[in-house]
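What follows is a pair of complexes built around chain A, which joins chain B in one and chain C in the other.
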Partner chain A sequence: MTVECNSSATLEISNLSIEFPGRTGPRRVVERMSLTVAPGEIVAIIGESGSGKTLTALSVLGLLPRQARIRSGSILLKGHPLIGLTAQERRSILGNRIAFIPQDALRALNPTLIVADQVGEPFVLHRGTAWAAARCLAVELLRSVHLRDPEQRAKEYPHQYSGGMQQRAMVAMGLALEPELLIADEPTTALDVTVQAQVLALLREVREEHGTAILFITHDLGLVADFCDRVYVMYAGRVVEEGPVEEIFVSPRHPYTYALLSATPSVGERTPELLAIPGQIPQPHELPEGCAFAPRCVRAEARCSVDPLFDTGGAHRTRCWFPERRS
Partner chain B sequence: MTLLVLDDLTKSFDTAGFASRNPPAVRKVTLSVDRGGTLGIVGESGSGKSTLLRMILRLVRPSSGRILYGSRDVWKMSRAELRAFRREVQAIFQDPASSFNPRQTIGAILSAPLEVHGLGDARQRAWRVSETLTQVGLPSDFIRRYPHQLSGGQRQRVAIARAIILRPMLVLADEPTSALDVSVQAQILNLFRATQRELGLTTIFVSHNLAVIRYLSDQVAVMRQGEIVESGATEIVFSAPRHPYTRALLDAVPDPHRRRSSTRATHPEGVMNA
Partner chain C sequence: MSLSTEMARSIRWTWRRHGILSIGGVLVGLVVLAALGADLIAPHSPYELDVARMLQPPSLVNWLGTDEVGRDVFSRTIYAARISVEVALVAVGVGLVGGTLIGVFAAYFGGFVDMALMRLMELLFSVPAILLAVILMASLGTNILNAMIAIGIIFIPGFARLARATTMDALRQQYIEAARVIGMSDIRIIFREILPNILAPSLVEAAVAFAYAVLLESALSFLGLGAQPPEPSWGNMINTGRGFMAQAPWLGIVPGTALFLCVLGFNLLGDGLRDLLDPHLRESQ
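Moving on to the complex of A and B:
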């Protein structure tokens, strides 16, 4: 199922570590992160606040906050390194080979420009298309994301759009140049569930028609289960479990993944009692030695003060001394 | 026994000159809540669920219709009745960070309701504050802390403490856990259930999260564009929804616990192997 041959991966992150300066020394916010996304694959990074999921996405885009430092690792797009690019080289890639869909579409859109000028801009910047032609292309893109009455709507400003329409416009802009990789950071969190379902259907359609690789950042287990092929579960800056969605949701092996599922109420069936995870998510400066989840973990023992390595379980791997056995 | 009755409640936010263009935010809502019961109101943005809650809290005056608490119309209460109403009806909001005074300690925040209602002397109040903190699972030395020193989950515990410190009859909560991470949300949901049972509270929850509503409430009302499209016992509405909108809503929610074979789009083997 997973693509083992690295050269075919659209995105390949290896051993990425990111630090922020702190009063008592640098704080590791992402620790030896490795991830691949194959063409046409929808891969999720799931995590709670402080897990490092958004920083990982931003590092691919080269948009990390100024104080952040990449301490180690590499990020490859179709085998070409993305770390250490000049600003000019990066500009030629962003919006062209990599597109980004942020959480808050209204804040990402320019309120002073009509939508056609924003959706059409990638053609002008990257392909040298004339503005008039770019606006026509923008109308076609808006039509392809199922926006009703695109000719008329293209002339409107972002504030005249509903939340779902704004997110559709962002998707249209992201798809303009048929990028190889689409990074979506909580693209539907601000939307109502029925609108969310429409936007997800649209992203699925994009993947099926263009074979776009999608890296999907979320905190919503349900979204991962319904929408993604593979998932990386992050906790406090580390990947603790990775594998095909079907396997991880049916037989989670890391106690954190297991606990997350048990702590999520269900819509489809009655939940007699939620098993809450005690304690709270640690801040980067208060991370324990060894496994970061140990203080909240029911299985933790003395051994957990040493950081576990990934097991060699093939596609479904976990980083735990006492993983759940397969049933 | 019925504690709260909403009788043909309507609210329009009409602006002069555009009166006819604004549909009412809440339209002809009739509902009743039993003593000790839990009602969940679910709806998407703009459905009118928060306006409904604000009307019950007496923060928004209905355009027409009545709200009966006990047997009294909340908009026709005497001063003494109102004072009792405000002691017996408490609210919990989505973001406690913005509903606490950042310059007050947790101790001051929690004893304020007692002071306002003239309950106890300083020593009794201090005792009640620390008792209530224990009840919501916080150490009593939290009285000296400030809201910004607490995590999101701890702040929501304080919000629950503030709501129950007066031993209320009715607690209204507007999206009480939507700002929390999953691992913390479960703690707060369980705390809610436990306090509700221990104190015999009547509660009304408003949320867009159907799973949370299903977990917490025994009655549910589904709102859409100001109207209640379906209501009834939670288990019945969730397992056999009758209104197409309820069905659409339930289908649209991704659920990690649901079998995915039927709902999920076909797996694009061709693309994967390419």
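Moving on to the complex of A and C:
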């Protein structure tokens, strides 16, 4: 096994392809995905459902569905490969160096255990801490995520918590061992807007204090604009555009990104009706030749039947024959 | 409002909500009390022969009469409860633990493990219970311990199927994924995350299985495969009573009634528990 240590990125995914077996041959759901997250950086993967964003996250965690196969590519955590680890090696990394914050915190907490026992569990698992000590550490963690009255609350069951508190508990559990990478899969979709803001503020605080890299998976453009440093736009299993958030929001180059941004209503601008992108995301087995977005693209023409490569535009790159230029 | 009407109201309310559960609870309580306190409750020894007083009808001395060798039927019926509860407890324990583990492992590991384990369970299921018990007793030898094991083995497939279904459901829950994500091992996930979450339906099933275990034990003892004389068991007492139905009907009727009430009690308790644990029923009431 070769170990590359020349990388400064916390997470580096390169050329990752994921396939599912299908009746007419393998269906490629993620196609040559590359992504990097630097320490202390908040990176978003944005895309519709079915765009492959969640599968990408699951492949980092090694929790892809049984049928899924990684066809090519590598995933490196601080230069160490994550693909091909034994179950035991993987377990020693999960919860320890990589943490995951799921979408629905209530369903992610075990209803039969008190919160302290769940938040403290990583200490017992990875550090061999005694349960009594782990519970005390759990109380401290709950305090650090600004849960009120943590001593009392730690002894309660998850269903006694409000939605925001449950998500805070999940964040606390994720942060227990100060991981280098935090993967958050739409962590705020189930929450009220105000609570959502609190949880995001908490995540930002975590980044500032511990230099944790955060991979943020979402379909909410508003969140990305407020919260993230860089963004990867995914469509039908491919990254179609990547770059710093400010640039992508101000001058999107790929027609898909442009359409996504125009489809999001904003306060102040009155649009007569909501804009929608015609058609829907193609299934992996009916992908068109060439650019996957071409059938829905207003600008598509003949050469779009050849898959475009990334342009060489530095930090802001796109995969399109006509990088859109907005005046 | 006076205290008594308030009490009456609260009793009525409890009755409407938990009627079945309370009848079951009382009957089961009586059986357990008889089993635990047999030495204190029984007025006579269950083994003491008195040939001078055989086949006596119920009287002040022998409340429920005496049997063909002059033993007190009431005392023997009470001691028999002890055997029944013991056998049922061990048998249901074997079935619950064995079946639940098999079901959870089958569902969790899936694939070949699942197929092999569940086919084995179906094989066990396909043999009629009493026949299976007789076969097992014939190969293990007839004593009460083997009766416990045989009845327990009969229960394993039922518990395994139930646990497999509930585990399948639990596996779809996100807390299992969350447990994997913090690096828990499979065994730890099974014991810490899955088992506590699937236990409720299995326990309800256990209460119902308990009734069936008592019945099976009596059936085996009736056939002479369970408790061996002079050990009293409802089954072998009923078998004896069969021969004296015309002269001394209490010989069969007393243990028969005890068996009936015991089985009824555990069934009602099981039904009541199911209603209590089912959130849909709870809310609609």
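Convention: the second predicted complex is superposed on the first by the 311 of 327 C-alpha atoms of A that agree within 3 Å, B and C clash if a C-alpha of one lies under 4 Å from a C-alpha of the other, contacts with A are read in each partner's own complex, and residues count from 1 in each chain.
In this section, a residue touches a chain if its C-beta (ideal position, glycine included) is under 8 Å from a C-beta of that chain, and two chains touch if they have at least 3 such contacts.
All values derive from a computational prediction rather than experimental measurement.
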In the overlay, answer first, second, both or neither for which of chain B and chain C A:E178 touches. neither
Identify the partner contact of A:H126: answer first if only chain B is touched, second if only chain C is, both if each is, neither if none is. second
Is A:L109 contacted by the first partner chain B, the second partner chain C, both or neither? second
Would you sort A:L61 into first (chain B), second (chain C), both or neither based on which partner it touches? second
With both complexes overlaid on chain A, does A:L223 touch chain B (first), chain C (second), both or neither? first
Who does A:E89 touch here: chain B (first), chain C (second), both, or neither? neither
Chain A positions within both the chain B interface and the chain C interface are none
Touching residues of chain B toward chain A in the complex: what are they? 44-45, 151, 153-154, 181-187, 189-190, 208, 210-212, 214-215, 235, 238, 248-258, 260, 263-265, 267-268, 271-272, 274
Per the touch rule above, chain C residues touching chain A in the complex are 173-175, 177-185, 188, 192-193, 196-197
If you look only at chain A, which of its residues touch chain B in the complex? 1, 38-41, 48-49, 192-194, 196-197, 201, 204, 207-208, 211, 219-227, 229, 246, 249, 259-261, 263-271, 273-278, 280-281, 296
Residue ranges of chain A touching chain C (in the complex, touch as defined): 61, 63, 90-96, 99-100, 102-104, 107-113, 121-122, 125-126, 170, 173
